[in-house]
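Two complexes, one shared chain (subunit A), two partners (subunit B, subunit C).
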Partner chain A sequence: MNSENHDALVVGGGLVGAAIAYGLQRQGLRTLLLDEGDVAFRASRGNFGLVWVQSKGLGAPHYQRWTRGSAEEWPSLAAELQERTGIGTGLHQPGGVHICLSGEEFEKRGDYMARLQREAGNLGMEYRMIPGAEARDMLPGLGPKVAGVSWTPYDGHASPLYLLRALHTAFTGLGGRYQPNARVERSTAAPQDFSVEAGGIRHRAPRVVLAAGLGNADLAPRFGLSAPVRPERGQILVTERARQVLPMPTTTIRQTEEGSLMLGDSKEDAGFDLGQNPEIMRQIARRAVLSFPWIAELNLVRAWSALRVMAPDGLPIYDQSERFPGAFTANCHSGVTLAGTHANRLAPMIAAGALEPEMAPFTARRFDVRHAA
Partner chain B sequence: MEYDLAILGAGPAGMSAALEAAGLGLSVLVLDEQPAPGGQIFRGVERAAADPALAGEYAAAGAELARRFRAMPGIDYRPETQVWHIDAEAGLLSLRGPEGAPRGGGTARAARILLATGAQERPVPIPGWTLPGVMSAGAAQILLKQAGAVPKGRLVLAGQGPLLWLLAAQLARAGKAPALLLETTPRGALRHALRQGGLWQGRAMLAKGAALVWEARRAGMKIVSGVRGLRAEGEGSLRRVAWEGGGTECDTLLLHEGVIPATHISRALGLAHEWDAAQRCWRPVLDAWGASSAPRIAIAGDGAGIGGWQAAAEAGSLAALDAAHRAGKLDAAARDRRAAPHRAAMAEALALRPFLDALYAPAPEVLAPRDDATTVCRCEEITAGQVRQAARLGATGPNQVKAYLRAGMGPCQGRMCGTTVAALIAETRGASMEETGVLRPRAPYKPITVGELADLPEEELA
Partner chain C sequence: MFATRPEIRPATVEVLVDGQPCRVPEGASAAAALLLAGLPASRETPVSGAPRLPYCMMGVCFDCLAKIDGVANRQACMVTVRPGMRIAPQRGARMAGVA
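Up next, the complex of A and B:
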């Protein structure tokens, strides 16, 4: 078998792996990005496209900071990718709202946002609870059923698919190698010395990053790591194009640069089943119509389901192997939101060979019963 | 209620299956997008059968089949109905009727589901094919059958296949003989085709084809054979068609390179498919009764592989016999006995197919256009060059190209560009069509409004 040497191997060519690989290559590491073929679970293709801060990290201030940090890194990442590749990622960060369809929902949301702000500590978190009448001035066509919205200035959205193409293009433009149809077969691990066989070639490197989404659950133990991730199905509906009317994205509805309305976001425990469920699709449509009644007139032209990569507590997992230093994992369900920190903060840490102390709470050892006790 | 058999499509396969199944006492639901039975081949046949331009088997066989279908009790026939989702495990179909999706449901249940959704024309992505004035031959035939309309101005037909000659004859009878027929069948294809056999068994069909060619010639149509490098030209609309070594002014150009199975729904259901090297298309993997890799789902007719309307009708009957057997209405021996004449008729109808497949095999440039500037995805305006570039970047199949470029995301959902995109990737990466793979479509198979899906009572909206 042919053998090749690299400075870093990244397993998984989705948004997480591509952002990290791009960051590593930019640091000057000769990086190989291994990917599966045309058909795989590929959460990145199913992403809703929010760069989202509110609703993330309650009870986990480190996650709130990491997410906010990524929203801050996004503009520079988007500008850099545009300059290197000519591909616009469609980033807009005008702030965003979460729509509440009843007085009770609005009240609960208010408590939630207040706690999030308290947990933000010195970082601070600006937000407003905006009642129905005022919210209707802000968002054209907001329905009469809407009791109010929560607003923060940090939220935004981007095109997940253009982001993926821009990351792949920028990565290969810097001399990185992208290898599709290369599912990891065998592998060996020793401190700072890893090999994986994929696509008929043995690749060696002193660093390996596992960013294979749901595939990490099986891969991680081979490298002295743990990634207890499981699938959570989400479904998304897309309408025909409409004139631009939504000035900002909401948690479940956003208007793309092309004018389509994207409607999400459901959560189901369906194992690895990528099927679509008309009843869940109906619930998504109902919430959208109650939020903006004019959406009812639009044709749905596309819909899909995809599998989120979820840790037991819903937070990301980032780790370096204690047994085999040089092996890292990155696991999350927010490949778009976190692209900023993955490329600009996590990749430099991996290149330097150590995760910063701020990353310690993201370790998978938090699920270890003895450790927690 | 749960139907014994739900059939998608009221063409030859769907109507024959419904007749056979209802005759055996099965409860049958037939869902069809068109306002009247007939499918594509017999579209609007009840109304248009009297049109002298459409005389022949269209009028005779088609009208008879539609008449029997209408007269048969036990068939719940729903025209102008689209199926936008199928839950294959539960046998649950999500429907949209002529007034949109019905309130409070819009679903139907069936123990068995037969896809009889027929064929679609193979896209012919030549340079300039998106100019106004360029149409598919099938679209022109729909106009003729539906509205008795013929294209305006100087008319040129280009491509190959039985339907092209049939259309030429029909247009001639309607007083609008094309000025020119540009046949893309390469010289030497006939010699190769003759070696495929089946000529004696298929002699009736062969004679019919020869008569059409003769009729077209007699109508004064000029024919250029062995045409390559077709281009449609014009600023804003079609002015001229050009080919290697020739060119002529024209106002309407009709393109045709044969038909391929409409596999949108069968692929969306995740059924097993295989690349048919002879017909240059994907087809579902089926057993001798049309049963697919999913327990409840069967497929009959051109959607299972191109065989023409007679073979489709026989396949529909066979699938119905199998459905009756599975429903406990026929034992295996009775099913097999009844199947025998249908199998014999099907074999006869398919005898000439290897000859036709060999004669009318599309040129490589039809599958993968050479000129990088040629549009391949009309909906999102993606060119062959962009697809090749995405393949070089690392896209190994049409699903990744869709993610990179949006090719296949428009209103046609990749029905038009899917095969072309895959062929371009295969060519760029030096891979086979099997390795390159096929687009995986998702529901809704046909658009539905958000409001119809939401199905909210008025009082909840206020």
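Up next, the complex of A and C:
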């Protein structure tokens, strides 16, 4: 078998792997990005496209900070990708709202936002709870059933597919190598010395990053890591294109740069089943129409489901192997939102050889009972 | 640009294509009416504004989108003409009916 040497191997060419590989290559590491292909579950090709802050990290201030940091990194990442590749990622960060359809929802949301703000500590977190009448001035055609919205200035959205393409193009443009249809089969691990077999070639490098989405669960233990991620299904509906009407995204409704309305997205425990079901689709459509009654007139043109990459506690896992220094893993269910920190903060740490102390709470050892005790 | 085949049924149904009367055979589609009316384009795409005419005539390409009797974005090749039907070009993205 032919053998090749690299400075770094990244396994998985979705949003997480592509952002990290781009960051590593930009740091000057000769990086190989190995990607299984369309037979894999690929959340990066089926997600909702929010760059979202306001629902993330209750009870986990480190995650709140990491998410906010990513929203801050996004504009420079988007500008850099545009300049290097000519591909626009459609980033807009006008702020965003979470719509509450009853007084009770609105009140609960208020408590939730207040707690998030308390947990933000010194970082601070600006938000407002905006009652129905005022919210209706802000958002055209907001329905009479809407009790109110929570608003933060940090939220936004982007095109996840253009982002993925831009990351890949920028990565290869810098000399990085992308190898599709290259599922990692056999592998060996030793400190700063890893080899994997993929696509009929043996690749060696002193660094390996496991960013294979749901594939990480199987790969991680071979590198002295753990990534107990499970699928969580989400279904999405897409309408025909309409003239721009929505000035900002909401947690479950956004209008793309091209004019389509995306309606999302369920959270289902359905194993590795990519099916769709009418009951859930009805719920998604119903909530959308209660939020904005005019959506009822639009035709739906597409619908799909995709699987989120979920850790048991819903937070990302970033880790480095103690047994085999040089091996890292990254897992999250918000790979669009976190692209900014993945490319601009996480990749430099990996290039430098170790995660910084601020990353410690993200370790998978938090699931280890002995560790937790 | 387009003509009906010689053996085709006589054009007996009058519709309005972009406001102009146009006669087409019974059972024809609104897309056939758009083609027979001779418009240079029956829609402009929402993002780049590229001009389009009906293409596949069998419901798959969406290039025949038109405003039919006031309803935006209908696939004209999937709609059978009725006397007096109003078929208008679809210029760019439709309006969303914001109250």
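Basically, the second predicted complex is superposed on the first by the 372 of 373 C-alpha atoms of A that agree within 3 Å, B and C clash if a C-alpha of one lies under 4 Å from a C-alpha of the other, contacts with A are read in each partner's own complex, and residues count from 1 in each chain.
Throughout what follows, contacts are C-beta pairs under 8 Å (C-beta built on N, C-alpha and C of every residue); 3 or more make two chains touch, one makes a residue touch a chain.
Treat the numbers as computed from the prediction; the structure is a model and nothing was measured.
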Simultaneous placement of subunit C and subunit B on subunit A, clash or fit: clash
Subunit B versus subunit C as contact partner of A:Arg282, first or second or both or neither: first
Contacts of A:Met1 with subunit B and subunit C, given as first, second, both or neither: neither
First (subunit B), second (subunit C), both or neither touched by A:Asn299: both
Contacts of A:Tyr178 with subunit B and subunit C, given as first, second, both or neither: first
Partner chain in contact with A:Thr169 - subunit B first, subunit C second, else both or neither: first
Contacts of A:Pro140 with subunit B and subunit C, given as first, second, both or neither: second
Touched partner set for A:Val369, first subunit B, second subunit C, both or neither: neither
Partner chain in contact with A:Leu237 - subunit B first, subunit C second, else both or neither: first
Of subunit C and subunit B, partner touching more subunit A residues: B
Superposition clash, subunit B versus subunit C, among 81-89, 171-179 or 423-431: 171-179
Contact residues of subunit A, present in both the subunit B and the subunit C interface: 240, 293, 295, 297-299
Subunit B residues touching subunit A - in the complex, by the definition given at the top: 85, 87, 92, 94, 107, 390, 393-400, 403-406, 409-411, 413, 436-437, 440, 442-444, 447-451, 453-456, 460-462
Of all residues in subunit A, those that touch subunit B in their complex: 13, 35, 37-39, 44-45, 143-145, 161, 164-165, 168-169, 172, 178-181, 237, 239-240, 263, 275-276, 278, 281-282, 285-286, 288-290, 293, 295-305
Complex contacts: residues of subunit A adjacent to subunit C: 140-141, 240-243, 245, 258-259, 261, 293-295, 297-299
Residues of subunit C defined as touching subunit A within the complex: 46-47, 73, 92-99
